[in-house]
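In what follows, structures are represented as structure tokens.
In what comes next, chain A is part of two complexes: it sits with chain B in the first one and with chain C in the second one.
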Partner chain A sequence: MAVLLIAIPLLFAFVSILNKKYAFYLLALVAAFNFVFSFFLEKGMYSIGGFGPFGINLLVDQYALIGLWLLNGLFFLTVMINLKASKKLATVLIVLLAGINGLLLTNDLFNLFVFLEITGISAYLLTTENKKPVSSFNYLVQGTVGSGLYLLGLVILYSMIGTLNMSDVISRIYTIGATPTTLLLPFMLMFIGLGVEAKLLPFNSWVKGVLEKAKPLSGTLVSSVIAGTILLVFGRLLTTVMVISNADMLITIILIATIIAGEVAAFKSTRIREILLFSSIGQAGLVVYLFTHGLLMQGVLLIIANVLSKFVLFTIGASLAEAAGDEVEELRGAFKNNKLLGIGFTVAALSVTGLPLFFGFVVKLNVLLGIFGSYDLITPIIILVVSLIEGVYFIKLLMKLWYGESNVQIKNVLMTVSVLSVAVVLIVLGVYYQPMMDLVAPIKDEMIMIIQGGSF
Partner chain B sequence: MIQIASILLVMLGLYGILTNRNIIKIIISLNIFEVGLNLFIVSLAYVEGGIDPILTSHSASSTLSFVDPLPHALVLTAIVIGVGTTALGLAFAKKIYAKYGTYELDEMGVE
Partner chain C sequence: MLNLELVVLATLLGGVVAYLLSMINKRVGSAVTILVSGAVFSLLAYYGFGNSIDQTVELIPNFVMFKVTALGTFFAVLVSFVFFMVSFFNPFFAERYKYPNAFNLLYLMTLAGVVGVFYASNFITLFVFFELVVWTSMFLIPMGKGTKASITYFVFSTVGSFAMLYAIIFMAVGFGTTDIDTVLAGLTGTAALIVYGLLLVASFAKLGAYPFMVWLPKVLGNAPDPVSAVFSGGIEKMGAFIAVLAMIKISPASAMFEAVGLPVQNYIVGVIAAVTIIVGTMMAIRQDDAKKLLAYSSAANGGYILLAFTIGNSVAITGGFFHIFAHALASTAAFLAIGVVTYRTKTSKISELGGMIHHMPITYVVYLAAIISMAGIPPMGGFISKWLIFQALIQNNLVFLATAAFIGSIGSFLYVFRPLAALFLGQKLPKYKDVKEAPLLMLIPMIILTLLSVVAGVFPTLFLPMINNIMTELGFQTLMTSGFQIIGFNGTLDPALVAAVFGTGVLVVFILFMIFPKSRKVGLMDTYTGGEFIYTEELLHYSADFYAPLERLYRKEPFVNKIYDSIRIKVEELGAFVRYFFFTNKPEVTVFWIVAILLFIVWGDII
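Here is the complex of A and B:
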């Protein structure tokens, strides 16, 4: 059943090459199908080809379901908003959809590599929309080297423990008695490989080139949908596979450096897309930090908040920048003529900074409580200071965008409606957050249960 | 021995990617990196005096004398993916040449 989410997009990708005229309608159909179908999925382990635990398995648990609902929904919205752009890239987008669903569902380390490459290749192709071939090439080289290192890591892990099944890895490690020192090599290689796509600090020089001039379609997909997928994959791997225990110090320093560098660079920048891209680097660092410290639930909440608000921010930010120019100074008063879009942008920006009444506040509160709970006092201080920086630059940005004279006009009813509805979701979840908490509460217990050999 | 050689190839590829400023040379280095990786994966499957992992009339004395077939399957997939990325990289190279008239990253100016 679950395999349809991957197989149908792949099938339609071939069909769309044969019928170029109808490619866009196929894309819309497949995206809608994946979104609707993910609500009818039943939890469980689906083995492909009937090889049981030895072959490739797809795992549908609460964690995968949350990712599927969120990202398939946002993918559909993004495609629909950017009708014109997605018509040209319809086939690529269908393949990307297959890659995203595969990444969220798979329970096999090598299969994960394949989907990482599928997602990566379609992401490189998406960035050609920006007409900056050198940065696309840069992205391709770094992404390929990253996934190559991930492959090296997983093969070394395989030769040590003899399995690629993600839920079997930890029990095998205990059976053969591998020490953390010997496991450090494969896990660090895998961490670096995924870190390239997740935009962690030393490996993220591709981000600026790809996103600083990104059009609404590729910008929103790369910074919201693909980033959310990779971070969810990171969370699953760091919880069920990679038990990095004696590299904590090193990784913590890398991640804190990512958070600080991202936010400070965003503070310093004067261009709207640059501000958003640097802020998303900082947020990615924070999410991975939470995962490495075992705070899975808080990490997932942060991903949800981030993906939703980055969708709004990048859609509006990139459209404004395309219409009037990148510099914030040129965009002074841009929201005067586009009040509804302005309201959506403001809600999303305030949610990212973590003001009460918005979803971001609930998330940040949970994150800080979680970190305090693990008797770590320095990191919360860093996060609070960074949040302050974040608040300052976002409010500065909002002030400039609301006050001043401008004649920028953006007329796109579909965009306004979907941006506003996501903004409403951010407010509703900020006030009435209990259902969301109930939704994410069981994810960690489920994962641990599956590792220990239980089933649904 | 072959494992050390393949890791050396991987390192050589990485060195090439980091030091070259010519797009075609970078793509070649990327290929060397991938070839080294694939050789390394295949070498892990090798068993001294092992037999083919297929059903034959000679019954093996123990399952341990089989060569591990999984890494070969992995390499097959990895090769296909590598070809895909190389093709895409060359397409980008063509685009870059059409835009700037050169393959040298330093001669393109700041993008």
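Here is the complex of A and C:
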């Protein structure tokens, strides 16, 4: 049944090519269907095609369900908010939807590669709406290099252990007795491959080109929905599949460098979309850091918080930039006539900064408690200093947007409503966070059960 | 029984109501702030001093836990009183704000946060409400002039908050709980020193002690006047609260500085406090803007409070608490008086004003009483606290710290005199000839604050029970009193007698004034020039460059500002480096890095 989440979008993607006039309605229909259907899934492992242990499996557990609910919902909202842009790119968007759902559901490494490519290609095509062909091309090249490396790592791994099923990898490694040293190469190749898409530091020069002039549709989708998907996938791989403990120092350096570089570059930026994209890079580094240090629950919470906040921030930020110019100096006082959008933006920005009454604060507190819990005393200092820098540039941005003499006015009722609802969710979750905690609690146990038993 | 969480929640709800009503009519919204803050103050005072506040928490999720202590009650009642008095000014300033609805909401949210901080039972609650106050007050600041001040405030506040957060999580992981009393009592050894230092960083950042003094004049100078009053009288006291937690509840055992009988770390804090006093006083002396002057004065008084707590005996600590009380009253009254001047004349620069006493005599008396209290002159409350602190300083042979405190006291007389002589007294400027006295609703809080200051100075023993409760709770001896007198180390203070002598002096001078012939009034521009015609009378007006000979001695700015600027520039440069190196338009850079990392792994040296 879970395969419908992937099959229906793919089917309707083909249909929409045949019938361009109704492409957008098909898109809306499919997105709505996916969102609603994801609530009716039952947990379990679904075998596709019945090829026994060699075939493709789909795994629906709490981790996948959280991703599906969140990302399908935000995809639907983003598409609905940007009607005009969606109409032009309807087919690409339906394929993207299929790719995202596939990434979240799959339990097979090669299938993961396939969906990675599908999502990647749709993302490259999506960024063409920005009318910056060089940046889209750079994204294409780097993304393809990344996927190629992932494939190479995958092939080496398969030749070593003979299986591609994600839940079986660890048990096969034990039976074969492969040492971490020999496993380092394939897993690092896979790490780098995914790292390109996940915006880790030396591999992320595409991010600036793609997102700095991003329109509301492509910008929000790339920075919020696709980023969330890739990070969730990365998280699952890092927790249940990859054995990279030997490269600890290298990975820590890469991740800390990503965190610091992202926030510092945002501090220097004066354009609203650049500030937001560098902030995404910093947060992505932090998420992967949490996953590599076994803080699974905190990583998922941070992904949820980031996806929600970036949805709000990018939608409003890109709309403002399209309406009145990218430089924050040109946007001074933009919220004077857009108070509701301003309130939503402020709530999301304060949540990312980690101020109380908002969900981001709960997340940050959990993150710090988790890191301290592993008796690491230096990393919290780095994270706190970086948070300070992040807070400063967000507050500078907020002050400039509220106090000035701009006459920009954005009239998009659906945007205002969805942004405010997400803002309300962030506030409610900031105070009554227990439901969210209960939601993410089963994840760790389920993952352990999967590794040990192969199913649950 | 008063349920504390209901108070906090009702205040937040009141903020939302004020926001909604402000959309209909700004004054109604401001009136809501007056009512709610008044209700909070009276409920907390009545039930708090009657020891019947209920601390159970049902509605808010259970990381928030309250604990009613005498320390918390003292601070909460004092600060909510300040908020209540200042809220009377809100209706008048409402039309000057860009977002008046949000102002009322944020004002009440700040009050809720402050009450939560003082009654917190565990550190997580403390931190949550602390940060809540930081961001709600941060959005209040730019409603005055300019937006840079709020960023400075955020930076310094967050440095303090994050230091405290590190300490909190350090303790949480070490002890498994964050309950304040359990954790602070259980700290030993190096851990105690680390937490002590980190909490004190938070306290310095909030009080505006020396290295962090930069934000106070910027914020209090640029914020709207009610906000400045609330900051100086209320929010900075949160810093004092953290200082009490750090210095009195943790007592890290370490090397003693034998010469003065204090532990080393206390003496270091004392030195920082002394530097704060002197730098604050000196910077205040040369300010031309009355609000910045009062801001530096607040910082200097924060130094006195820290100094009192470092000494650590019962007289000093009582003096510290009394100083918190007296300074809150006096500084709020002073800021409100300047607020009246700004309201009527739209400026607070001393060199542009003069002779305001003729237009607003009551405001003048309020300001006079406030600055007398801040300078520590009888018969006001500030004198009692300074007397106690000086007693303790002398008793403990703290020569250098005592010298700093005395210099600060004398300097404070200099800087409080400047606005008095130049702004209120002095020559009237013709352009202000239609300025009127403050409206009645503004006069009420100022008069109440002044009367309280006077009573605190003449009959301080009336307020001592509230401080004695705290002393007993903290485990110190209470101050010895007999009747209305206070017994210190080197003698007995009889405030009523001192006030009586003061009053007699005033009476004698008044009689003399009545008897002797009056002076002749002349216009402002009637200056002597020895035959020359004057084109720039304003420069010869004696408010300009009031203490010029003294100011010339230290004309250069303190160097701390330059350090902060250079830190900011370095961070920006790092950002530029990262952008140049890694975020280029060339995919070959990425491929280069991928190959480099793969080579690194395959080489296998480090691994």
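Throughout what follows, the second predicted complex is superposed on the first by the 452 of 456 C-alpha atoms of A that agree within 3 Å, B and C clash if a C-alpha of one lies under 4 Å from a C-alpha of the other, contacts with A are read in each partner's own complex, and residues count from 1 in each chain.
Here is the rule we go by: contacts are C-beta pairs under 8 Å (C-beta built on N, C-alpha and C of every residue); 3 or more make two chains touch, one makes a residue touch a chain.
Every value quoted in this text rests on a predicted model; they were computed, and no experiment measured them.
Asker: Of the two partner chains, chain B (first) and chain C (second), which one does A:Phe361 touch, if any: first, second, both, or neither?
Answerer: second
Asker: Please determine whether it is chain B or chain C that touches the greater number of chain A residues.
Answerer: Of the two chains, more chain A residues are contacted by C.
Asker: Going by the contact rule set out at the top, does A:Phe203 touch chain B (first), chain C (second), both, or neither?
Answerer: second
Asker: Between chain B (first) and chain C (second), which does A:Thr181 come into contact with in this model arrangement: first, second, both, or neither?
Answerer: A:Thr181: touches chain C, not chain B.
Asker: Under the stated touch criterion, which partner chain does A:Gly55 make contact with: chain B (first), chain C (second), both, or neither?
Answerer: neither
Asker: Using the touch definition from the top, say if A:Gly44 reaches chain B (first), chain C (second), both or neither.
Answerer: Touch status of A:Gly44: no partner.
Asker: Can A:Tyr403 be said to touch chain B (first), chain C (second), both, or neither?
Answerer: second
Asker: Please write out, lowest number first, the residues of chain A touched by both chain B and chain C across the two complexes.
Answerer: 134-135, 141, 145, 209
Asker: In their complex, what parts of chain B are in touch with chain A?
Answerer: Within the complex, chain B touches chain A at residues 10, 14, 17, 23, 26, 30, 33-34, 37, 40-41, 44, 70-71, 74, 77-78, 81, 84-85, 88-89, 92-93, 95-96, 99, 105, 108, 111.
Asker: So in the complex, the part of chain A that touches chain B is made up of which residues?
Answerer: 110, 113-114, 117, 121, 124-125, 128, 132-137, 140-141, 144-145, 148, 151-152, 155, 158-159, 164, 209
Asker: Of all residues in chain A, which touch chain C in the complex?
Answerer: Listed in rising order, the residues are 134-135, 138, 141-142, 145, 149, 181, 184-185, 188-189, 192, 196, 201-209, 246-247, 249-250, 254, 261, 264-269, 336, 350, 355-357, 361, 365, 368-369, 372-373, 375, 377, 380-381, 384-385, 387-389, 391-392, 395-396, 399-400, 402-403, 431-434.
Asker: Residue numbers of chain C touching chain A in their complex, please.
Answerer: Residue positions touching the partner: 60-61, 98-99, 124, 127-129, 131-132, 134-135, 138, 142, 147, 150-151, 154-155, 158-159, 162, 165-166, 169-170, 172-173, 571-572, 574-576, 578-579, 582-587, 589-591, 593-594, 596-598, 600-602, 604, 606-607.
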